[in-house]
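Residue numbering begins at 1 within each chain, and the chains themselves are lettered A, B, C, D and E in the order written.
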Amino acid sequence: MSEKASSLPAVPLTLEGAAVLHQMYRLRWPEWRTRAAIEREYAASEFAQQFAPLEQAGASAMYSLYGHKGDLMFVHFRPDFAALKQAESAMAKLRLNDFLEPTTSYVSVVELGLYESTGKTYHDLAQKNIAPHSEEWDAGIKDLVARQSEAMKPRLWPEVPKVQYACFYPMDRKRGEDKNWYMLPLAERQRQMHEHGLVGRRYAGHVKQIISGSIGFDDWEWGVDLFADDPLVFKKLIYEMRFDRVSAEYALFGSFYFGMRCPAAELLPLLDGEWPK
Amino acid sequence: MSEKASSLPAVPLTLEGAAVLHQMYRLRWPEWRTRAAIEREYAASEFAQQFAPLEQAGASAMYSLYGHKGDLMFVHFRPDFAALKQAESAMAKLRLNDFLEPTTSYVSVVELGLYESTGKTYHDLAQKNIAPHSEEWDAGIKDLVARQSEAMKPRLWPEVPKVQYACFYPMDRKRGEDKNWYMLPLAERQRQMHEHGLVGRRYAGHVKQIISGSIGFDDWEWGVDLFADDPLVFKKLIYEMRFDRVSAEYALFGSFYFGMRCPAAELLPLLDGEWPK
Amino acid sequence: MSEKASSLPAVPLTLEGAAVLHQMYRLRWPEWRTRAAIEREYAASEFAQQFAPLEQAGASAMYSLYGHKGDLMFVHFRPDFAALKQAESAMAKLRLNDFLEPTTSYVSVVELGLYESTGKTYHDLAQKNIAPHSEEWDAGIKDLVARQSEAMKPRLWPEVPKVQYACFYPMDRKRGEDKNWYMLPLAERQRQMHEHGLVGRRYAGHVKQIISGSIGFDDWEWGVDLFADDPLVFKKLIYEMRFDRVSAEYALFGSFYFGMRCPAAELLPLLDGEWPK
Amino acid sequence: MSEKASSLPAVPLTLEGAAVLHQMYRLRWPEWRTRAAIEREYAASEFAQQFAPLEQAGASAMYSLYGHKGDLMFVHFRPDFAALKQAESAMAKLRLNDFLEPTTSYVSVVELGLYESTGKTYHDLAQKNIAPHSEEWDAGIKDLVARQSEAMKPRLWPEVPKVQYACFYPMDRKRGEDKNWYMLPLAERQRQMHEHGLVGRRYAGHVKQIISGSIGFDDWEWGVDLFADDPLVFKKLIYEMRFDRVSAEYALFGSFYFGMRCPAAELLPLLDGEWPK
Amino acid sequence: MSEKASSLPAVPLTLEGAAVLHQMYRLRWPEWRTRAAIEREYAASEFAQQFAPLEQAGASAMYSLYGHKGDLMFVHFRPDFAALKQAESAMAKLRLNDFLEPTTSYVSVVELGLYESTGKTYHDLAQKNIAPHSEEWDAGIKDLVARQSEAMKPRLWPEVPKVQYACFYPMDRKRGEDKNWYMLPLAERQRQMHEHGLVGRRYAGHVKQIISGSIGFDDWEWGVDLFADDPLVFKKLIYEMRFDRVSAEYALFGSFYFGMRCPAAELLPLLDGEWPK
């Protein structure tokens, strides 16, 4: 590596979009069951009235989780963190909230990694003898980010895909004593991410993936949302990717949350054990 | 390794069958005890009425777990994840559910690994100069998978074996800094899995093993169910396997759940502390 | 190593005896305190009536644990797992159970490792050109196990020693990336286990040790029970053993449970805070 | 390294300032909801009356946390640990406390690391042939610390910055088998900390960082508080720093707590789900 | 190393003294608040009456913990484990116990490590051609231990120091795959412990340290209690020690519990949020 290259920044550029909140809840079943039908109906219809338009707009979605990790998962995409806090408050205010026990949650922001253009941009700026972190350098970066953000708007502020199944999990890049993602040269990380992306592309049309960054917001570095009509695709995709070097050597995974989409209007039958039919 | 071989996919082919849910519950003993006999009887008989036919059909089974990890474990095998969600809802709807506290659960899908045929198939396709992931390649793979799925139907959609004891545990393949299963060549993984299978075969007739995959569905990569009339066989089998290279070096195990099969009709005596006799 | 030796099984032979359950409970103190004296007395005397004969027979024992991990530990030794399930049910049925909150438990089976005779037997059979896992081989092994089981009956179905203090902990053998017990040759494992046994023998008469295996039954590979009248011996013995290679390099330990034996008849004063005197 | 240098102390000098407490709480929502409006108003106004002046003085601040880790985070800076205990008691005494369930907390003391001057000072003293830990040496160190403490007073006893968002996380320096921060020479640690500081400086004006030490007080070695009006800056800063050698190789991170500042006067609308507007 | 030296025992001699119990509790605040003043006063004065004499004698002490790990920590030093069990029972019997929820605890025995004399003694005995673990050897060791125990009586059965702050944490010596304390030669361990002790000695007069061993009694190998009037000394001491090889490479630390001493007579104001003044 030339001395110049080695002094280039190591951090890849990223674009940030929608603020994201995943909320996992367990229903307080005994509490729910002992309440009068009218109370349960009120709670469900108040929720549906508030949630259905968000659902329609692709801003929020509800899932019936499989297993004991939670009965319900709500996913919220909002323009920014102030709006996300409002979304969280609106959920807390619901009568339904009296019957929900939070089991976990995840806070993040939609992120597009620019590994491809980062290498090129750093190199171009350096070619022009612009020193990293100089005013000119920062302007160059700012310009690139602005242009890309504009171009990628729909991917940065996406709608929750209207398909049957969702899979969410958080992940880290390993910083082991020997295998340390953050000590790899940018070019090698770019190469591995590229290879990784090729696998994902083969699943285009079958699964929709949304990556969000959570450094500074939650306990893992990234959150991954997968959406598909055929849930077996989740397994196929993640298993195939696990053999990529970037996953095999450098990926650490948290818990997996897997659920079936349930429309807001179906909450009552769901909590009455009569959904899906 | 020839350049061709090295560019073949690393992921082994798998077949997927029944969607599987393990539910572990602790009884809320004080709550149960203080209820009127008629309420307890109602809860138990409502459960038995719903569960007995499933039990009979080998679709679901109940176990009395040993130790504090839970009092009851329910195992459900269903044709797909939509049917599995219905099974989960049906359990939630039961009056019995008011007395149950979920301690954990496991979500997976019956999986048959095709390590043997994967190597051969990849090689055959490559011999015919078919490029990986080309349309022709995908068709070849699809064809193999369809033929094998048809042939393996009973193993892909199995019944819960009607024997006395069950042992369930989840597991991963290690991705250590040095010992990394996912970085081994396919042929070496195939060899180790073959060796591993030989041990299992020696226990045929004594223990029935069902492997399910859970990548994308739950926190570990696989779930293992063992069923036997003599529980000591669980220990013998797993201990012997632990010396196989694939287990010794690459297996990571989660918690073990060990239970005695209890017919749905015996739930009331079980919860009254009068079962087994 | 000769080719022959390298193809001998790696798994050491073991003998299995009594099925074992450790139950750790915390008392629901506020619940206990607020009940009428007559109810508390009933719960205690019902327990004593059931438990005292088991205690007398060395089949079960009760300990007052030190610290917050539990107030009571019950240890049960039973002929097999069906009888153990009955023991667990009998505990659940007690009125006392309404005041107990399980904190943890351990399920295992008394195990005697036959490292010494395993090596010799494998070698002898191989000398006679008997192939591993052939019918003749299995018969030879079965014969050895039957003879040893007969000879070791009292150690396989032991009584709970009637001494003042107990210490229980689960353990594993390490399967690290570099230090991996399960990859060591049988002869080396035998050598280290022998060395380890020498330390134990020096404590004969001062401490009684019962090893139980829990592969397939619980989360660790073994459980260790130590019984002694002088609790300092626990520390001395375990500390000295920790410098053995087999412990220093290959032992992983779970939580330690340390308690003082309390006769069933003393439960009421114990829960009234008036025991020991 | 000269023999002299190698015998110099390895510990960097530090300055200590304000005692710090982070308190994370979950609201007992059902409890809160069922209380009469007058009770809720009383609890909120009693809190506001006590908390607003502290808030005004920069001594304490309240945040509405994102996600399930807590609903509220209180940050308290106090002159010393006796005053901090009083702050904790004052919180406990509030009627509001009846509705709060602590989820976690963090105890630390504002710390300024003197890596730069430590190396120089040790060297200067050694040049004068003053032996480490001699009376003269200790006097020299004491003198330096006193002078620096005086100079850094505002940074040692800071106010909680009055900006919109806060991010808190604890961290350790790794003591791995191979990569061990505490075994690096002081000069190398100083070099890495210097490099690390350069990144931080580029974010000056955008984010305010307060480091507190917690060795002896809590489970991690340091706590990091970041304060900013634009929450995306947290992610940018921490991500960029993660590529510094000191972070990439030697940083271990605990949980991240991310919240939006809420004035004491707005507690009632917050808990009524009507904040932020 | 000579063959003789290599066959000497590896375990260092230790002296054992007082049995020790640390109890950490959280107050059930809502429960406490809703009780009549007279009940709270009764609970507090019953406690004070029992605890004050123990406090006076240096046998027990109470601390108000910082943070959420507990509201109260009780430390008990007793002559032996039977007396310690009585102390635990006496605490359980208190009315105050109805308001306390145990969060954690620690069980151990005061330990003085004899690294210095162990090496010398082993060597001397070996010089006289006395074989390790022979009767003569054991007599020699017993003699040494008896003499040292007599000499160290006050340090083996210490009083709880009557100072303002306490810091408690448990620790292990690492048994990593490469860095393994228990595989180091005795002489090297002795050297590192000696170096470690030198740091401690520089803090004499400022901090009082009591080491207790917990192998066989609790989950870590040792417990460390530090007592000081200036809490910053805890941080200074532990941080400086962390650079010693024995800590940097071989120490693993559990949770830290940090509290301010509160006299038994001040319990009521403490729980009323009016202490310290």
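As a convention for this text, a residue touches a chain if its C-beta (ideal position, glycine included) is under 8 Å from a C-beta of that chain, and two chains touch if they have at least 3 such contacts.
This one's a predicted model, so the numbers in the text were calculated from it and none came from an experiment.
Which chains, if any, touch chain A and chain E both?
D
In contact with chain C and with chain D at once: which chains are those? Just list them.
E
Per the centroid of Cα atoms for each chain, what is the distance between chain A and chain D, given in Å?
Each chain reduced to its C-alpha mean, chain A and chain D end up 28 Å apart.
Report the inter-centroid distance (CA atoms only) between chain B and chain E in whole Å.
That pair's centroid distance is 46 Å.
Residue numbers in chain B touching 2 or more other chains?
Residues 177-178 of chain B each touch two or more of the other chains.
Start at chain D, step over to chain E, and keep going round the ring; give me the chains in the order you meet them.
Read cyclically, starting with chain D and passing chain E second, the order is D, E, C, B, A.
Write out the stretch or stretches of chain C touching chain E in their complex.
26, 29-30, 33, 64, 66-69, 71, 165, 167, 176-179, 202, 226, 231-232, 234-235, 237-240, 242-243, 245, 247-249, 251, 255-256, 258, 260, 270, 272-277
For a test of understanding, state which residues of chain B touch chain A in their complex under the given definition.
Residue positions touching the partner: 9-11, 14, 16, 21, 23-24, 31, 81-82, 84-86, 88-94, 97-98, 102-107, 109, 133, 175, 177-178, 180, 182-183, 213-219.
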